[in-house]
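Presented below are the structures under discussion, each in the form of structure tokens.
Both of the next two complexes hold chain A, though its partner changes from chain B to chain C.
So, the complex of A and B:
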């Protein structure tokens, strides 16, 4: 099999910009560790390992797009956010990217901050904001969960792609002659299609987990529907 | 967590191993969305090599660790493509599971009381040891974790030391 690069390679974005994003990613991941620890119990920890492993596996499965000669693959931000929450979710995607960069030669090590920012940080954050919104208003049915997963996954892919466009605007190594819009358009278009695939994979996976083990779906635990009275933490438990 | 609980993780891992170890060989080998966007403006031959034009991908430089034994999702020294890709996928799944799960296991919240040993035993053993806790172990009630979490974090009010939080979890 020829070179299979899925993430930003060395030389695409210049060094200083990559370094700034590396620092940014490091700060955000530290925050995720601090905040995520509150979520992490004996059950979430193995789930986080499983989510990272699953994302790694599915990222290898490039699926063909309608556009001839182009493929797409899962990014995983929405899946992670749904199953283990935004903080640990971002860490899971970051673990995948770090392993890919350090062991599989995929995504430059110098570009790791950029890749983590786009997929682990922006992708997961965008997904969870939508999940938090949709899961509160949609019915608590498999269909409601599926729609939430599909929409949040689709949007998160496009957001991650636009993150790259911003980075390219800041530090792209090729002068596009003012045609950044062209790159943005191409990226948005192709990632809209990839987002459909991401949405289908995410929805299928999360609905399956929710059927087998609803207690393992973070978003279902953490987000209460709006309809009942606001769940204020009451001393002594809710029952 | 009940035995059924661990069954889920074992099953999930097997699915991931199957996807990365076998199905990965049937993945599309076309450049992905990012790669193809960066090649816009260039002409590319059948091998995927850039032959002319001008595009961002031309500035691509070698990977720092491009000679890693698992570089490009293959195992160096394994000539069979199918085996090489599959094996690298299997190793990747195990590695990400170990790193992701390991880091999170180390970072996880523990009870303020020194019940680590008990808690660890609990994770594997409550189906066996705890007829009391069992009624609920795998209970699909989606709300439990929330109560469980509160019980755990306020563990002072908890009471029964060993695996208390877990046992409370389901009542």
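So, the complex of A and C:
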């Protein structure tokens, strides 16, 4: 399942620009590893794995768009930021991208720096900043959390898409002339739609988790010093 | 369950490529891709050379061309973008079959198709000859931080948990009278996505606790490592392909 829009393939952006972004992504990921090591406890380790698996599965849903062969898919940066925090969250998205590039040929290996910068770094960072802001402003209700999740997911998708436009402007291998504006417009419009889908999935998931196991939501944990954690098992269900 | 099992793309075999340690294959594949991407797009002969290298490795690994090509179809959407470029590109135009096409766009489209295809084929060859477990062992031996290999391990492990849980929920829906057809299947799925996540987490948490109680400490036990790390000879054997690719790329850069 190749997507041009978010998973940049080999040869779309030229070498020097790719190298600069690879270095940038590496530095940010190193910081995430340093900060994330502190976060990754017994509760977060399985959650990080599940978030990564969930994002991996969700990225298989593709929205092909006929104009100029651009397509896009869900990203999961906001979900990761909400559930496991910005540091581990960025690492989760990055791991998904690395495995997809290495094993499934989805996104070029030489373009990993660009892809990680867009989706793992910019996407997650934008989402987390918005989450931190909105959770302070909005009421502490499921609805407030849902709105936070929806908005941050939507914005993070558009930010990641704009990251690609900037990179294409810096080092696209083909000069589109005046069509760059068109590319930006297509990408923004398409990803606004994808963002709505992503926002709905993120909000549903996070609100359900927060209702049953609030202790699992990192963003809520950071706000309230001690969240009483009634470990309610899900009723019924096959074990 | 989980990462110990092969993934869908793995092709069971005992070829020399399968037997190479994973860290060698990973390093070779990344180096090969970098060499391909660094090649000037007008050096057409160089891409022929790379294709021969890929074919040689595929033969050694006993991976058939039909399998490779059908799996490479994942890159089709971005090939569409490549075909749009001759029409969108700016600058000098050339007349082809009565249509004015951008020269830069044509070269750009070729660039994307050639480099993208070679990259996809290289990663397919890696996937066909390496289990996911070996992949993580390889990343670990290449000094990938433990936080990252840990997330990767759990991701691959929990993919099966997630798929299994989704299947159980679907069976539960159907056995309670839900009879979804075509696109309406999505409705039930979307409504249950939150509880799917929660159920998968609770199951995953138990998997994690079971691992902890069996001595898991954030790194896979030594048994997992299988045959030891790569020897100098194996590194040399694995370096053959990327070194040829680097030589081709260097020649192409000098010539153009």
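Here is the rule we use: the second predicted complex is superposed on the first by the 206 of 239 C-alpha atoms of A that agree within 3 Å, B and C clash if a C-alpha of one lies under 4 Å from a C-alpha of the other, contacts with A are read in each partner's own complex, and residues count from 1 in each chain.
Note that in this section a contact is a pair of C-beta atoms (placed from the backbone, for glycine too) under 8 Å apart; a residue touches a chain by one contact, two chains touch by 3 or more.
Remember, it's a predicted structure, so these values are computed and weren't measured experimentally.
**Student:** Which partner does A:49 contact after superposing on A: first (chain B), second (chain C), both, neither?
**Tutor:** A:49 sits against chain B and chain C alike.
**Student:** Examine A:37 and indicate which partner it touches, taking first as chain B and second as chain C; both and neither are also allowed.
**Tutor:** Both chain B and chain C are touched by A:37.
**Student:** Pick one for A:139: touches chain B only (first), chain C only (second), both, or neither.
**Tutor:** neither
**Student:** According to the stated criteria, A:12 is in contact with first (chain B), second (chain C), both, or neither; which is it?
**Tutor:** The answer is both, since A:12 touches chain B and chain C.
**Student:** Thinking of the overlay built on chain A, is A:91 touched by chain B (first), by chain C (second), by both, or by neither?
**Tutor:** Both chain B and chain C are touched by A:91.
**Student:** If you stack the two complexes on chain A, which partner ends up touching A:204: first (chain B), second (chain C), both, or neither?
**Tutor:** A:204 sits against chain C, while chain B stays out of touch.
**Student:** Can A:110 be said to touch chain B (first), chain C (second), both, or neither?
**Tutor:** both
**Student:** Counting only touches as set out at the top, which of chain B and chain C does A:181 meet: first, second, both, neither?
**Tutor:** neither
**Student:** If you count the residues of chain A that each partner touches, which comes out higher, chain B or chain C?
**Tutor:** B
**Student:** Could you list which residues of chain A make contact with chain B in one structure and with chain C in the other?
**Tutor:** Chain A residues touching both partners: 1-4, 9-12, 33, 36-37, 40, 42, 45-50, 52-54, 56-57, 62, 64, 69-71, 88, 91-92, 95-96, 98-99, 101-106, 108-110, 173-174, 176, 212-213, 216, 233, 237-239.
**Student:** Spell out the part of chain C that touches chain A in their complex, as residue ranges.
**Tutor:** Residues of chain C touching chain A: 7, 9, 26, 29-30, 33-34, 36-38, 41, 72, 74-85, 88-91, 104-105, 107-109, 111-112, 114-116, 118-124, 126-127, 130, 132, 135, 145, 147-148, 150-159, 161-163, 168, 190, 193-195, 197-205, 207-208, 212, 218.
**Student:** Which bits of chain B are touching chain A when the two form their complex?
**Tutor:** Of all residues in chain B, those touching chain A are 1, 5, 8-9, 12-13, 15-17, 19-20, 23-24, 27-38, 40, 47-48, 54-66, 68, 70-74, 81, 84-85, 88-89, 92-105, 107-109, 119, 122-123, 138-153, 166.
**Student:** State the interface residues of chain A toward chain C in the complex, per the touch definition above.
**Tutor:** My answer: residues 1-4, 9-12, 15, 18, 33, 36-37, 40, 42, 45-50, 52-54, 56-57, 62, 64, 68-71, 88, 91-92, 94-96, 98-99, 101-106, 108-110, 173-179, 200-201, 204-205, 207-209, 212-213, 216, 233-234, 237-239.
**Student:** Taking the complex as given, what residues does chain A use to touch chain B?
**Tutor:** Result: residues 1-12, 33, 36-38, 40-58, 60-65, 69-73, 88, 91-92, 95-96, 98-106, 108-110, 161, 164, 168, 172-174, 176, 182-183, 186-187, 190-191, 193-194, 212-217, 220-222, 233, 237-239 of chain A touch chain B.
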